[in-house]
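Below you'll find a set of structures to go through.
Look at the two complexes coming up: subunit A is in both, with subunit B in one and subunit C in the other.
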Partner chain A sequence: MDAKKKDKLATAVIYILVGIVVLILAGILGNILITGVPHLSWHFLSSEASSYQAGGGVRDQLFNSLYLLVLTTIISLPIALGAAIYLAEYAKDNWITNLIRTTIQILSSLPSIVVGLFGYLLFVVQFGLGFSIISGALALTFFNLPILTSNIEEAIKGVPQDQREAGLALGLSNWKTIRGIVLPAALPGILTGIILSAGRIFGEAAALIYTAGQSGSTINYADWNPFSPTSPLNVMRPAETLAVHIWKVNTEGIIPDATIVSAATSALLVIVVIVFNLGARYLGNKLYRKLTAAK
Partner chain B sequence: MNDKDKLKEVVDQAIADQQVPHVKLKKMGPSSVDIEKLTKPSKETHQEYWGKGLTYFAIGLIIVLVVSIIGFVGYHGLATFIDNHVNVFHFLTSTDWDPGEGKNHVGAAVMIVTSFAVTLLAALVATPFAVAIALYMTEYSSKKGASFLQSVTELLVGIPSVVYGFLGLTIIIPVIRTLFGGTGFGILAATLVLFVMVLPTITSLTVDSLKAVPSHFRKASMALGATHWQTIYHVVLRVATPRILTAVIFGMARAFGEALAVQMVIGNAVLMPYNLVSPSATLTSQLTSQMGNTVMGTLPNNALWSLALLLLIMSLVFNFLVKLIGKRGQK
Partner chain C sequence: MQQELKQSYVKTFAKDDLELSTKDLSVLYGGKVQKLFDASLQFKKNTITALIGASGSGKSTFLRSLNRMNDRVATVNGEIWFHGLDVNKPNINVYELRKNIGMVFQRPNPFPKSIRENIVYALKADGQTNKNELDKIVEESLRAAALWDEVKDKLDKSALALSGGQQQRLCIARALAVKPEVLLLDEPASALDPVSTSKLEDTLKQLRSKYTMIMVTHNMQQASRISDYTAFFHLGHVIEYNSTADIFTNPKGKITEEYIQGSFG
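On to the complex of A and B.
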């Protein structure tokens, strides 16, 4: 076979493989949305999950997922921001920094089940917090920190060096330059990073089954006192999220409409994640334009 | 005479002499300069210390976290061997997994073999696809096509792992069941689910590696009369190989640690797999399904922690391999 024929053949193979992957994705998305969306009714979103009958909803799971997402972001953002500023602005290029980067890389590649089990050991057992939202939020924070840190670091590093030099030339201290010039300029990137990691948190289940628990408690949505045991805001109650719900109804399979419930919940999860992804891109672009006056 | 007094003298002298004639220091007598204030760190310096301190604290927190994860899991994982006197060699090679029956029934070989099998197979299936997509994005397609595929891979990453597990359960398992008989659960199903899950990881890292190949390499090859494919095969892929390997290892690390999606389709029976469609168990699936059924501090529980430790060690090994290849690639 001569070189030209080989070239054509290779090109054809590459196009075929790409086509297969696009078809797989289309199939996955189509399947999730087609089987799930018809069951996504207001009733499904607003009623409690049933434990053994058909027709349950995901009201509490949806709330728990969102609440955990907010809590996790509140806890992990300051830490990730600090660590990212350190890595991008203060860290010298030496073996200590290398070691720190390796550590963060290790944390990011740890299986989420291991992170979840560590959370179980430390918070649920050792600190006696039990299966609770706060244990779950802390475990998710561990899971989230390395990715959020490197996303924010990238955003900070993307700010041109000139801007820092301008700040320093005005006599600002290093810290003031970072706070007043670098962080605002990096804001679009940071926001994108936060939203993208939010998508990951929203769909995570393995880190949660042994920290936030696999069952919900009775929630009274009229009670907004965070210290009341039935309040939705109470951080000490066990909480099942959407992703954990899918896993549970499929592995325990007590309710007769497990497939329908998981299809609808999957569709809900995927839609939320897509919205997060598109939102991150849109918001990032818009903020970037606003802050830099670029077209 | 100390430094402060010296400084005061110099300042006083300067004011008295008015050495800089165009800067009029009005209302400034020799005693009006506050030397204490001049020699103390400024407000900005304090802020700088605080700010820097905060960033140090944050990074320290992450390091403490990683160390304590390794410490805690290591401590509980080693308890099987130290407190319960299980033989490490036996643990790694025996297929007899029934920790409730005592220390001679703690063999994790089934989980180890199955975990490696699904990981290797998933990487083996995913790599050609990933390299093809990456090549298409960097060498063939227009910008539009590349950004379309970029969104495709981002979407695949974004889909939660339980959703993959659920799809495996409702689509892949029935297909395997009709094609091969049996229950449908097993390594094949897990491989197919993991294939889709690691594909975007390997793809995006491979794209980075291909983009890092300087374009004058391609031009030089074209100028020699090589075809597009010859250029790709002999030049671009050769240069990018170390980083593509890194990408594959990252994908394998993800496959090895994936818990719920695998647990949903592997079958969860601690049996040595004799073919691709016989139910089995992986390290992660065993942890996920059994951790809630054991009591802290007992042998069955410790044995599970040893599985977790094994996962942790493998994760460290994958990291080490990436570093190693990175170093070799630089040479």
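On to the complex of A and C.
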């Protein structure tokens, strides 16, 4: 076979492989959206879940999912950012650093159910936090930290070395170079890392079943005092998320419209992830453009 | 080989003319690989000195030692005298030193920020906030780097939209903004086309009246065009250092002559 034919064949194989990936993705997404979207309604979004009858909504689950995402990101982002800056910029290339990196990689492939049970033992039982949003957020932080750290580290390492040299050669300290030059340049990559991990958090069920719990408490959306027991912001209340709700109505749920509810919830979950993704990218691009003056 | 590394001539200057000098500067990478051996060179005020030599001859290593950019990657032994201080001592504030000895790199490396911000970023980080003062420095620096007329209407546009040659002159302007006395240039034109290179050379020639410049170059014509003095490095040793005219027309060392004639390197 001559080079030209080989090249054509290779190109064809690559196209086929890409096609398979796209088909699978489109199939899953299409299936979820087609079966779920027709059942989405304002009523579904704005009413409480029902325990026995048909016609329940996911108001609280949606709020809980978003709230857990925000809380987890608030807790894990500073830690991951600090760890990533250390690994990318300060850590010497020796066996300790390699050990840390390997540990992080192993942790990032930890099954989420293990994280959930660990969180149950540590936060729920040992720390006495009970089934609560804070237990869930801490478990999700454990779940999220390794991958977020690796992603941010990669983003920081992706900034060309000559940018650091330029900063240092101007008499900037190491930290000022990192903060003022390296981090802004790494922002798009850092953002991608946050978005990827946010998708994982939002869709996570196993880590939450034993930490945030599977039941909701009565929530009063007029009460925004985080210390009030009925406030949506109260971190000590148990909270069922969208993903846990899907799992529950399909396993132990006794509502007659379980199929419809789980289809609609799945669609909602996917849509929120997409909206979050696009929104974060939009804001990130805006911020990046502001920082880099690229117009 | 040993004979080839013999020093043929190293020029010296009167003490009052000196801007910067090194004594027995040696550089070791990883504690064992020696890249530079006992380099003792003196640099005269308001001149351009070219450092020439084949790849791996130690000229870039030497240059990067002068503003302590090698601190984190190598061990630098010896003395670097600047303003009556041995600035290679550990107690020297390297950040202050680098403001006095600026550097321009091989590839243009503007920050992904606006043109203005590229120039004032280091000043702002240092606590300068007076906007009028900063604007003045932006104009002065860009004028000095012969870039002002080309960019004065787009100071707030991204520096990355400039051409390679303009980016490199921006990097010079950025280095000048912190008011250095010495400018180290590490093959500053190697990534530029001939037109941009010639503009850059004109800029450097104009800067000579105010700054002392030390420039690594692989381009013999460039060295002979713009430098006053030339040091020839070979395998980590300074072989010959003299006025550029002498080095190029009347080299004292056999190996210097061979290199200049293009027999190797």
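The rule is simple: the second predicted complex is superposed on the first by the 246 of 295 C-alpha atoms of A that agree within 3 Å, B and C clash if a C-alpha of one lies under 4 Å from a C-alpha of the other, contacts with A are read in each partner's own complex, and residues count from 1 in each chain.
The working rule: a contact is a pair of C-beta atoms (placed from the backbone, for glycine too) under 8 Å apart; a residue touches a chain by one contact, two chains touch by 3 or more.
Given the structure is predicted, the values throughout are model-derived calculations rather than measurements.
In the superposition on chain A, contact is made by A:L291 with subunit C only, not with subunit B. When both complexes are overlaid on chain A, the residue A:G180 reaches subunit C alone and has no touch with subunit B. Of the two partner chains placed by the overlay, only subunit B lies in contact with A:Y210; subunit C stays clear of it.
Of the two partner chains placed by the overlay, only subunit C lies in contact with A:Q163; subunit B stays clear of it.
Look at A:V18: by the touch rule set out above, it reaches subunit B but stays clear of subunit C.
After overlaying the two complexes on the shared chain, residue contacts for A:S47 are found with neither subunit B nor subunit C. In the superposition on chain A, no contact is made by A:S231 with either subunit B or subunit C.
Contact with subunit B, but none with subunit C, is seen for A:T259 once the two complexes are overlaid on the shared chain.
In the superposition on chain A, the residues of subunit A contacted by subunit B and by subunit C overlap at 172-173, 176. Residues of subunit B that touch subunit A in their complex: 44-45, 47-48, 50-52, 54-59, 61-63, 65-66, 68-69, 72-73, 76, 128-129, 132-133, 135-136, 140, 149, 152, 154-156, 158-163, 165-167, 169-171, 196, 199, 226-230, 232-233, 250, 253-254, 256-260, 263-264, 284, 287-289, 291-292, 296, 305, 308, 311-312, 315-316, 318-319, 323. Contact residues of subunit A toward subunit B in the complex are 3-4, 6-7, 10-11, 13-15, 17-18, 20-22, 24-25, 28-29, 31-32, 78-83, 85-87, 89-90, 100, 102-107, 109-115, 117-118, 120-122, 125, 142, 145-146, 149, 172-176, 178-179, 199-200, 202-206, 209-210, 214, 243-244, 246-247, 250-251, 259, 262-263, 266, 269-270, 273-274, 276-277. Looking at the complex, you find that subunit A touches subunit C at residues 160, 162-163, 165-173, 176, 180-181, 184-185, 291-295. Of all residues in subunit C, only 67, 69, 95-99, 102-103, 105, 107, 109-115, 117, 121-122, 125-126, 156-161, 171, 174-175, 178 touch subunit A in the complex they form.
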